[in-house]
Amino acid sequence: MRIGISAKPDVDGLDKLAGRIEAVLGGHEVMYDTDPAKVLGKEPTPIDQMDADFIITIGGDGTILRAFQRSNSKLLGINAGVMGFLTEVQVDDIETAIEKVLKGDYKLDERIKLKILKDGERVSDCLNEVVFHTAHVAKMRHFKITIDGSLADDFRADGVMIATPTGSTSYAMSAGGPIIDPRVEAMVMVPIAPFKLSGRPLVIPAKSCIEMEFAESKECHMVLDGQEIISLSGREKVEMTISENKASFIRFQEDFYARFIEKLG
Amino acid sequence: MRIGISAKPDVDGLDKLAGRIEAVLGGHEVMYDTDPAKVLGKEPTPIDQMDADFIITIGGDGTILRAFQRSNSKLLGINAGVMGFLTEVQVDDIETAIEKVLKGDYKLDERIKLKILKDGERVSDCLNEVVFHTAHVAKMRHFKITIDGSLADDFRADGVMIATPTGSTSYAMSAGGPIIDPRVEAMVMVPIAPFKLSGRPLVIPAKSCIEMEFAESKECHMVLDGQEIISLSGREKVEMTISENKASFIRFQEDFYARFIEKLG
Amino acid sequence: MRIGISAKPDVDGLDKLAGRIEAVLGGHEVMYDTDPAKVLGKEPTPIDQMDADFIITIGGDGTILRAFQRSNSKLLGINAGVMGFLTEVQVDDIETAIEKVLKGDYKLDERIKLKILKDGERVSDCLNEVVFHTAHVAKMRHFKITIDGSLADDFRADGVMIATPTGSTSYAMSAGGPIIDPRVEAMVMVPIAPFKLSGRPLVIPAKSCIEMEFAESKECHMVLDGQEIISLSGREKVEMTISENKASFIRFQEDFYARFIEKLG
Amino acid sequence: MRIGISAKPDVDGLDKLAGRIEAVLGGHEVMYDTDPAKVLGKEPTPIDQMDADFIITIGGDGTILRAFQRSNSKLLGINAGVMGFLTEVQVDDIETAIEKVLKGDYKLDERIKLKILKDGERVSDCLNEVVFHTAHVAKMRHFKITIDGSLADDFRADGVMIATPTGSTSYAMSAGGPIIDPRVEAMVMVPIAPFKLSGRPLVIPAKSCIEMEFAESKECHMVLDGQEIISLSGREKVEMTISENKASFIRFQEDFYARFIEKLG
């Protein structure tokens, strides 16, 4: 099998962890993404060129989100960070987990992603959420949200996000959004600090087309999964639909609620 | 055709309204539900025995909710009340609306309902929501919610409700729940005044089985669509699933968002 | 000294706890409130007739709230209950704590209370909050709140409460109210499940006169500190001001924030 | 008398408005702040050097907030903007209003301001609020708030603000803070999109010393009254207390609640 490794480059003891992973994977082909290859002195294979049977990420949720922005491979997330809502195993369990994967002893947890067109041009898919936010703290923006051609909401706020069920336990929750069971085929629109509390979270069919426009031409940021920032002038139209690609998580424990209660503590 | 009429008995000028409706319906069979029959001196036909082609309600949302608890007929809601989130036409437009219905010039808006089993015994279906609430103000209860066999949440609160998308713009919204587009196949669990804000709104697949239990044997109320109150001892187990019956609304204007913005405006 | 004891009558091992307290208080006069006197076979002295140097309560917050509704004595709260936001010492520390009190080695933490006039007639003072709540779950009421003669707010909701800073970490917090540092001379009005989220928490000067009226004559409950329920017809006018009496807590650890973080932890 | 004029330079018809004001003020000395002086071709007098009997602002809340950051004079706010929570009169009423001021026929509404020390160095006072916000959308920061030497709260969030009662009806309200009657001597700390909803609004005595520190050295913005942005490295300590200066509003209608309902309505 061909296995790719992506990692947060400043993880403590990354070389040891890579050594342990290679030891369990003995005989299989191992590739390293650009960043960890640099730190470890390995030959780099950019993750979007890996064509791997599965990918192992070492880090936290950011490492996973970045991996899924560039790859559609199955992914096993190892938690070597503070926050690991999306990760599956702790560093101690690396060997056991990889052995299970090699034997096919796991479940795939497929999650929907958002496809985003900015003025008709595709940007990275989002697994958690896309955020539209004023570029100037304490200067609200006026957002207009159209769903399948009908004006659905229209409010002034610091920002607004469109989140997937996966993202509903992340930033969307801090902004007051509901938790969405990943089996529900829906997205959720969550306003951030809406003026007069006028905007309300709105749960939208996953098959809908959501359009975002700005009532004024004022600078905004569009933030993809908290990883990539795109500057907007306020004259853009952004269209969001469900992506044809899914994020495939390797899981040993399938229950969403058990995971949720454990992660949220 | 056979047309049933249900009405809030204390509507102003109910006799005149009934007269206007009968005039448009000339030649069709008209039946009156028990309450309006009494006020109008007509022969009563209880709504659950009407076997009508469609039902006309005169009143507000309560009149509609009560009608759907006892009938599965198509329904045209005439707004003769203060609050009419679910009604379709104003009193002024009675004639035009009924003529359209007779010509088949309308759309059906089918909404899911909740089926509720209290200790295995079926109670009325709910179109908006079922609420579980402490029987004693300022004395919290401890609720345990299981979804498809997994413990999903567990919190102390004044109460908790399970609402449909239709109910999401009603009581659930006051308690902090999200708006749910009626095309999303989901229910939403919304805690009421949860201790330490520990409970969060949770969007659940419509096909799930939701079970409610109480951590202590203390008196609670179960309230169906705000219309019917059932006393609970706290030893019951209540099971909620999607009902095999739907609520069928006669609509002339189909757009959920246009309606929502107009009604909430 | 004269020391009164008030207790939740169903506390486990109440007789042993009373024995330990009497042992430390050897030589001082000990009186028992009606309920614990009955359980312990002692001569009862109703708490409002004790004229005690200080009162010891055994139980949780409810025991303390009831004691302060009938007495203005200094109070040492022993936590023998699940919830003890207001209590000061655990059961293990009874002896040490009482010895400190006898030596005067403590601080007084004085908290404001609400004085309440229902149609001009005084009811019990409240240390935490007074709640006005619909008598029928899922049937909102329309509340009108006047402050120092000006209409301040007007909304439909399940209920509304006026809480003191002490009450701000209790029921008011569950309903979405802010935490209020007890040094702030203020009350807070907190709506419970307001329609369209229209009502907002409002922080009011402690010296203000707050009046509550109902827009309709429909049944409501007025609940004093979660202990006493008074039925209202909806035609009453209720006036709330700061009470001339304070609640005096015996404290060994004075810091509000350290206590808050520990209790809420 | 000496009267200063400050204005949003791009107000429509500023020259006509200035002409109308000068006409009513005939015989009194009129000075123009730098920005409007430039637009109107007048001799500029920077607002902080005006030593005026009172100042007239033409614009919205931003114009007033900027004026009070540089001047302690009494202020009459003319609303020539979209949002005018702080303004007192509409453009139509300029003449009547100024005549009343000249006759002394008005009330002073004095509001507290925040004094802010960044690493011991004073920055502009704030009338509404000071905001601490992550410099990178969707990257939370970890805030530690100490009140009078006690750790009061500690949470991860997009940001946090300290607002005055005047600011409580502005940005703080959008972030979920309570409304504070301006007679209450308090500040309010309001978290912005706190992780897990862990931070709660906290009402703090106006006489307290509030200290803000950051748990990590990561870039933040400090925003003063929505007007001035200061970049922080995350190593700073910021101290907030009540300012010795107040903001003095000229008012014809004194009632906070009537104003609030009208403005928010």
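Points worth noting:
Letters A, B, C and D mark the chains in the order given here, with residues in each chain numbered from 1 onward.
One rule holds in what follows: contacts are C-beta pairs under 8 Å (C-beta built on N, C-alpha and C of every residue); 3 or more make two chains touch, one makes a residue touch a chain.
What you see is a predicted model; the values in this text were computed from it and never measured.
For the self-contact between chain B and chain C, the two sides draw on mostly identical residue numbers; the shared fraction is above half.
Chain A maps onto chain B through a rotation of 180°, based on Cα atoms and reported in steps of 5. One inter-chain figure worth recording: chain C and chain D are separated by 37 Å, centre to centre, where each centre is the mean of the chain's CA atoms. Distance from the chain B centre to the chain C centre is 39 Å, each centre being the mean of its Cα atoms. The geometric centre of chain B is 47 Å away from that of chain D, both derived from CA atoms. Residues of chain D in contact with at least two other chains: 173, 197, 200. Chain D contributes residues 131, 133, 136-140, 157-159, 171, 173-176, 192-197, 221, 223, 226, 229, 264 to its touches with chain A in the complex. Against chain D, in their complex, chain C makes its touches with residues 147, 150-153, 168, 173, 177-181, 183-186, 188, 200-205, 208, 255-258, 260-261.
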